[in-house]
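Scrolling down, you'll hit the structures one after another.
Presented sequentially are two complexes of subunit A, the first with subunit B as partner and the second with subunit C.
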Partner chain A sequence: LGSCRVPISMAEIRAGFNTIKANIQARDPIKTLSILSYPHSLHKLKSSDRCCITHHLFNFYVDKVFKHCKTEDSYVNRKISSIANSFLSVRRSLQQCHEQNKCLCGQESTEKLRQILVNYQGLNVTSAAIKSLGELDILLDWMEKS
Partner chain B sequence: SGELYCSLPNPRNVHFESVNMKNVLHWLPPEGTGDGVLYRVKYSVYGVGKWIRKPECRNINRTWCDLSTETSDYEEQYYASVKAFLNGKCSDWIETARFNPLTDTKIDPPVVRVSSTERSISIILTTPEKWKRSPEEESISLLQVYPGLQYNVSVLNKKTKKRWFFSISNNTLVVPWLEPGTAYCVSAQIHVTTPLLRSQFSKEYCISTLKDK
Partner chain C sequence: DALLSPPQNISILSTNMKHFLTWSPVIVQGETVKYSVEFQGEYEREYANETWIPISECSLTTATECNITEDISATVAYSLRVRAEVGARSSEWGTLQGFFNRITTSLTPPLMKVIADGYHLLVELEDLGPAFQFCVLYWKKGQERRVQQKVVKEVSSVVHLDTMEAGADYCVKAQTYIEAINRSSSFSQTQCVRAQGGTSMWLV
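Right after this comes the complex of A and B.
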């Protein structure tokens, strides 16, 4: 992520998400709205802003998504908390980068992050959290794109 | 108003089958309907508000529809939906799960080319290309799509039945210190760690090392 070196267990996060992806996405009936991709895809952002976007999106998922994704399925809940733990450790590393000014936000990414929050607040908390969790592969795909 | 009465059983198992991002929608006929059922297909980009009809798959009697062109942007995710019609009746629209071409496609094995000297085998692997609309369109190797793509290579000594496995990132491999005048068979597989994707192993390509002079 630019000058910010963060160990991220992508394969582990992916594997965890893959096991619950169909279950979570099936709980999201709203196909006409995306929280991460509206109005523009993450892929449209400048690569120089990758660290900032990743830092703020990890905060978003830890603070606003995982905790609101309780389901009636204990297996799904366990997978969600496993993903959340992975995010927590990455967030700590990203926070250090942020504090060392290696993770600065440009105007474009600041606007994108604002839009994501607007999209999130446009739904009730549970729906917004489930939809965001169902879009985790959108974030992972973007992070892995070189 | 000529509105059809939708009491026909629904198409079943509506899903994408994707190989090298050639994305084809498949389904099973409604239960117990026999011949004569026609289908219509529509698709939508996740997060975008509208369903789009697929004209080439309007009133078709086959149970598949190629949506590769419509789903070729692998930075997007998609839904598709099918409706059945028979004798003036229709079914509901039945949708797929959300389809992510990047993670939900299958990858073909690499093409393997081998050559030999007296005591070594040289292996060159070629990754399949992403599906493209026409031969004139620019080719995109799946290597460009999946930067972390690797190869697992198996080399079998046909005489001793001894087998070696190699995991390599670049597409060439030289296996040294082999026995002259011996047949070796090579097979290779593509492996992407994240997203986790793994091709089948290719068929075996056999070659003999040259005899000692």
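Right after this comes the complex of A and C.
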């Protein structure tokens, strides 16, 4: 992520998410709205801001999303726990980069992160959390492609 | 009904990123004692009101061990607990002393088989799962200063290392590397093989 080197077990996170993706996305009735991609895709952002965006999005998922995703399905809950603990581990490394000023945000990214929060707060908390979790592959794809 | 005592001697056996929780059996005369296991990651402790998550494969099991590998899938500190159950009765939870972080797993040198297939130096590596990469070192005997290295990220059946000089001896050793915890095993024993061919006697 630019000058910020963070060990991320993408394969593990992706594998965990893939096992519950269909289950989670089926719980999201609002197909016409995206939290991460509205109005613009993450791919439009400058690659120099990758560290900052990743840092803030991992904070978003750890602080706001995962805790509101509990389901009646024990297996799904276990997988959400796996992803949440992986995000927590990565976030710690990102936090160190942030503190060393290697993870600075440009204006465009700051606006994008603000828009994501607006999208999130536009829904009730459980719907917003489930939708955000269902969009995890959007984040993972962006992290792997950019 | 006497109180059911909680399981004792709760410990973790973790080798090559395979993690098992084990405990001593609880003995109740004339009864079949079953056990249930739960885990709690750092996320649950800090952000989810210290909730515990049951492991369904180890709910009401008669075994005194539980494969927790699939749930220990992040490099953070996990708490683990197990209780005994007989019918409707449950013991208190027995909790693992301290936390378990997979970064402490013990790593063994990989099993490997070195093959001289004509002039081709090949190696077969133990498949330890997707988390494992291998660092393979190989050299021509007598040229220990010119060691070559090959990183194997995915274990296929056989790995081609080099094309050998006729009749020469080549040696190989390997270690595993796990990116998720950024650790390597020690090297395996060195194995040497000889390429086919070499000095042939011409009868005149």
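The rule is short, and it goes like this: the second predicted complex is superposed on the first by the 145 of 146 C-alpha atoms of A that agree within 3 Å, B and C clash if a C-alpha of one lies under 4 Å from a C-alpha of the other, contacts with A are read in each partner's own complex, and residues count from 1 in each chain.
Here is the rule we use: a contact is a pair of C-beta atoms (placed from the backbone, for glycine too) under 8 Å apart; a residue touches a chain by one contact, two chains touch by 3 or more.
Quick caveat, the model's predicted, so the values are computed rather than measured.
Peer 1: Of the partners subunit B and subunit C, which touch A:L33 in the superposed model: first, second, both, neither?
Peer 2: first
Peer 1: Pick one for A:S82: touches subunit B only (first), subunit C only (second), both, or neither.
Peer 2: A:S82 contacts subunit C only, not subunit B.
Peer 1: Which partner does A:D141 contact after superposing on A: first (subunit B), second (subunit C), both, neither?
Peer 2: first
Peer 1: Once the structures are superposed on A, label A:H43 by its partner contacts, choosing first (subunit B), second (subunit C), both or neither.
Peer 2: After superposition on chain A, A:H43 lies in contact with subunit B alone.
Peer 1: Considering only the touch criterion stated at the top, classify A:A11 as touching first (subunit B), second (subunit C), both, or neither.
Peer 2: So A:A11 meets both subunit B and subunit C here.
Peer 1: Taking the stated contact definition, name every residue in subunit A that is touched by subunit B in one complex and by subunit C in the other, in rising order.
Peer 2: 11, 15.
Peer 1: In the complex formed with subunit A, which residues of subunit C make contact?
Peer 2: Touch residues, subunit C against subunit A: 39, 41-44, 46-48, 53-56, 70-71, 73-76, 78, 130-131, 179-180, 182.
Peer 1: Which residues of subunit B touch subunit A in their complex?
Peer 2: 44, 46-50, 75-77, 79, 97-98, 100, 102-103, 147-148, 193-196
Peer 1: Flag every residue of subunit A that touches subunit B in the complex, lowest number first.
Peer 2: Answer in residue numbers: 10-11, 14-15, 18, 22, 25-26, 31-34, 37-38, 41, 43, 134, 137-138, 140-141, 144-146.
Peer 1: For subunit A, which residues are in contact with subunit C within the complex?
Peer 2: Going through subunit A, the ones touching subunit C are 7, 9, 11-12, 15-16, 62-63, 66-67, 74-75, 77-78, 81-82, 84-89.
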